[in-house]
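Labels A, B, C and D are assigned to the chains in the order they are written; within every chain, residues are numbered from 1.
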Amino acid sequence: MQLKKIRCAVLGLGRQGFRHAENLAYRIPGAELSAVVDTVEERARKIAEDWGIPRWHTEADPIFSDPGIDAVIIATPSDTHPPLVIEAARHNKAIFVEKPLATNLNEADRIIEVVEQTGVFCQVGFMRRFDPAYAHAKERIRRGDIGRPVYFKGVTRDPAAPPEKYVRSSGGIFMDMCIHDFDIARFLMGSEVESVTAHGTVLVNRFMKTIGDIDQALVYLTFASGAAGDVEGYRSAGYGYDIRAEVVGTEGTLVIGSRRHHDVVLLNAKGEARDIVPGFLERFREAYLLEMVDFIRRIQSGQPPAVTVQDGKAALMIAQAATRSFREQKTVKVSEIHGIKN
Amino acid sequence: MQLKKIRCAVLGLGRQGFRHAENLAYRIPGAELSAVVDTVEERARKIAEDWGIPRWHTEADPIFSDPGIDAVIIATPSDTHPPLVIEAARHNKAIFVEKPLATNLNEADRIIEVVEQTGVFCQVGFMRRFDPAYAHAKERIRRGDIGRPVYFKGVTRDPAAPPEKYVRSSGGIFMDMCIHDFDIARFLMGSEVESVTAHGTVLVNRFMKTIGDIDQALVYLTFASGAAGDVEGYRSAGYGYDIRAEVVGTEGTLVIGSRRHHDVVLLNAKGEARDIVPGFLERFREAYLLEMVDFIRRIQSGQPPAVTVQDGKAALMIAQAATRSFREQKTVKVSEIHGIKN
Amino acid sequence: MQLKKIRCAVLGLGRQGFRHAENLAYRIPGAELSAVVDTVEERARKIAEDWGIPRWHTEADPIFSDPGIDAVIIATPSDTHPPLVIEAARHNKAIFVEKPLATNLNEADRIIEVVEQTGVFCQVGFMRRFDPAYAHAKERIRRGDIGRPVYFKGVTRDPAAPPEKYVRSSGGIFMDMCIHDFDIARFLMGSEVESVTAHGTVLVNRFMKTIGDIDQALVYLTFASGAAGDVEGYRSAGYGYDIRAEVVGTEGTLVIGSRRHHDVVLLNAKGEARDIVPGFLERFREAYLLEMVDFIRRIQSGQPPAVTVQDGKAALMIAQAATRSFREQKTVKVSEIHGIKN
Amino acid sequence: MQLKKIRCAVLGLGRQGFRHAENLAYRIPGAELSAVVDTVEERARKIAEDWGIPRWHTEADPIFSDPGIDAVIIATPSDTHPPLVIEAARHNKAIFVEKPLATNLNEADRIIEVVEQTGVFCQVGFMRRFDPAYAHAKERIRRGDIGRPVYFKGVTRDPAAPPEKYVRSSGGIFMDMCIHDFDIARFLMGSEVESVTAHGTVLVNRFMKTIGDIDQALVYLTFASGAAGDVEGYRSAGYGYDIRAEVVGTEGTLVIGSRRHHDVVLLNAKGEARDIVPGFLERFREAYLLEMVDFIRRIQSGQPPAVTVQDGKAALMIAQAATRSFREQKTVKVSEIHGIKN
């Protein structure tokens, strides 16, 4: 039996929104890209024309009020996530929202409240969970291949720091970069993070000092299960995009991920060489697709989202605890985060 | 500007045809899967219903006569390739035909004649050329990264021998298995194969002896450029699907491909372990998709096919020369193949 | 010209002392193993008899007073290092002393004082510096291959925790295990560690709780140069002996070391597998030999030691700072360590 | 109990003889280097003086007649092996002779006859058998880890062709280079080679054409057990020294060896790079030592040699069969080699 096509609208056509739109338009059984929205008119119009998308807009309202749209994919700047998610929920659209769910806890709580009241489907964009390597590792942990997970080790290294303007509004390295590691740590360890101690410094990007951010971070984590872990992040690795995770268990350890770009090795008088994956769109190309495939399938089949608003809030709380730990130079319990200004 | 959608029909819904159909239905910008054909009615009907394909048939004729079909993908048994290609060409359809183009040279010549007369677009299914590793290697050779290619080394090892029935009608190991290596050798070396000397034996599959086939082959190649090479094939590797190629050049050597299935390594008391890719659909999943993407794009833009009927014939001639070399236990020039019974 | 043979005595014939004795007896041009000493009479006698060593003793005094001994290798329990080094220095013997140089700073200072007064040759046993991988990495950093080093990453994972008795007298995980990483961090980064923040917990070895030790540690480091780093240690990895280091530089990153035991990969239906190096004697077999070769050569040629008592003290101070940081849950400057009880 | 020291003389102080002398002088428990011999007086004298070796000569006779010499290591040019081995055997010395045992079968047979008559210990220098990777692979095959071996795959690639003078007297690529693969194939497969078919050409070293040699070879092998195999050799790989072997079994496959020079990986904007082992002395450094350790131990303990004169003859016969196969362009049975002029 063929399932109903899910008619989608993508809001925000930056690098990630474009990728989602492309996947929905061309590569997802069961999806139909019905509309695209971007505040830059030219961008929305061009994509619509090039791909034959029926409609394009420069604002979200016509999408929400259109009964012909089943689902919205929100890939707009972080600070617009809460109002857009809430409005979409009120119009009963299925929702996919990029990370972070919100930039502060009050908004996250407000979103959760509305999602729970309306009962809409709302999935948060932690795409690493859909990467074949991470997903396979999760499956092996579930099968018991490594016994009880006792230590998590994460590394995220970007090839080059984003421009100052982006960094200023990014929420800082813990919120913008390490949040992926925080989510995947919860996912793989199967336990909540209890406390964080964050360290960091500016290694090469001096402008970050003036805006109170850092380009290198190390976070020590403790989990409710008694496990521990660490997350390293660096903005300026230079050599490419280097994402790793390791889960040490009582019966075995999983080492996840690869820097490899092509399965081609060059041997010459200089030695043995291979290309390194240059950026997140290449490294997580398949994850982005599988994430969207899963989103559509779950809507079609009435299943709950794989990554919930509660997951979005949990990662946000860890990132906030890390930010506070770094600023106050002390260990911070994640449970302390509620009730403080953030 | 949006290009015209290419309306496709897939003929033959076995493992490869199914894969092509799936890719055309869901993952190819610019393609539309308009019809599916299989002699097994149930198979054709089910796919059409499940995926919402407008039409299905148990024979090819209605497809050829339908002006609403722009392109046909022929994934039927090898011996049906020539009549189907010729009929499709006569009806002016763009054609994709799985390897081998034909099982004897007369038919291959007949196909080439018709394709040249009609001027239809006709691409042969050597998907390895579209695998990102092989394509990247080709690009590096083109850029001169390894100087002049002087030696080709190919390995194809299947996890397990096909059933006797399949082997009987396969044309033998050189035609069925090594033909991929022969094509990729021509592609990467940028030179025609001049002579082949084929060796082989039955290592484990005794039934092959009774039908005159072997499960292990080694072919030594010489190229018009003065280069040389070898191709190893084995039907029963047991451990998975192991496809490798190496191009030794005067300034460097490229090692292509990987057995890796997941980017996950398990460390435990038994050592360090990773999964091996189990079969060709997993190993060349991306190649099959990119091959079809390229097919559609070239039709849309009026470019000639990436893999021509002449390429199909060239690989066929090498495979026939290898078969003859093995049987007669002597070196065979590829140019001798014409004019002999094959 | 042949250099004078250095007549050596090995004190302490445990695993490391035995290894040093074996290397000196058989594998070092320029060395002669003249005597072995162990408090266990049987052990000393047996080695002397088996290998044809002229003399054996159950105490060190006869060695010190013997003018026929040029050099002593001290591989006795840690708390005996200071008196033995000092006595050897007073008798003008060249000295090799296993890490740690001492277990507290006062003793380390006393050793340094005596070594400076007597001018004897005294080398500390940080064998990692002699491992071909670490030495090659150091050379590449010296050549400028990675620009300025900005981040150090170290991992030390033992296959299984030592027995409780050993742990009790080990000085704790930072002093006993992480001290190697602290030394190699100084060595590779070319800068002194300024501050440490230590974290850790008991993941699986419950007995450690009762004796105030931990089996898992993570230390964040800052360097005088502005660089940073982290060191992870775990006592019970289970899968083998896993020692890694990484130096991130402004122009490149070096990843050092390997878990590989044999250059043999097994492919079968379970996947691809290789052996993991089981312990430190296997992992650093070559390093132990090269360390001793270097020790002998430097004595012969009148060069200063490659690893000085000052290096021994520096690593000790970092380990003590880490221990204090862990206990007091705060960042500790290494310079604060002097003047406090340790 | 301490075993009697074996007093050794090394004949021929080229690269391999020098390596053996160094190992015997400094790294072998139980060996004593008592004399060195080289036709170049300066070379022999310098080593003797530098290392404090009691005696040096420019000819072998004084060694043979000296009752103070227990064993001779013959590393002179290949054509001198037979007379030196025979003379040493007559004087009842234990013998180590580099490969090839002889350059023709009559001489090999003569050696075997004398060795059998005199009952002297005589070991042939196929050092690959002592390389830890090959030895470990052999052990796993013995344990049954891969079931029954059915296919052998060998590669030997040198970084650069030897000078013309060396090539002229080398016996050709099969005798000089592939002979190592022939020996290791017999060793790992546990079965004799029955037939060979040899192919080859000159890829880049034109001078070889004028002297009837080739720089690239491929040999197809069949074994008495029903197994098969191939051996590839190339003189001018350029990128380093690349030695590989693979044994495909009915229950698993072993991939043996590595190109890796250091366990250090450099990551930078050009990608991921590591050094390739430059030559045989680096690749087989440990094998050369372990081979000599084994030689000495077997003499001391009265065990037969690990690699016999019969092994030396067997490899020679395969190499001669390959040479003949290449020249006559047909498959040659190894058993045919006897009784023909070679």
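Just so it is clear, a contact is a pair of C-beta atoms (placed from the backbone, for glycine too) under 8 Å apart; a residue touches a chain by one contact, two chains touch by 3 or more.
If you want to know which protein each chain is, UniProt gives these names: A, B, C, D = Scyllo-inositol 2-dehydrogenase (NAD+).
Remember, it's a predicted structure, so these values are computed and weren't measured experimentally.
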Message = Once the contact rule is applied, which chains count as partners of both chain A and chain D?
response = B, C
Query = Measuring centre to centre with C-alpha atoms, which chain is farthest from chain D?
reply = A
Remark   = If you tally C-beta contacts across B-C and across A-B, the winner is A-B
Task = List the centre-to-centre spacing of chain A and chain B in whole Å, with centres computed as mean CA coordinates.
result = 38
Ask   = Distance from the CA centroid of chain B to that of chain D, rounded to the nearest Å?
value = 42
Note = Cα centre of chain B to Cα centre of chain C, whole Å, reads 57
Inquiry  = If I count partner chains per residue in chain B, which residues reach a count of at least 2?
reply    = 237-239, 251-253, 260, 267-268, 275
Message = Applying the document's contact rule, which stretches of chain B touch chain C when the two form their complex?
response = 237-240, 242, 259-261, 267-276
Query = Across the complex, what residues on chain A touch chain C?
reply = 150-151, 153, 157, 197, 199-201, 203-204, 216, 218, 220, 222, 226-228, 230, 232, 234, 237-239, 248, 250-253, 329-331
Task = Give every residue of chain C touching chain D within the complex, in rising order.
result = 1-2, 25-29, 49-52, 132-133, 136-137, 140, 145-146, 251-258, 260, 262-269, 275
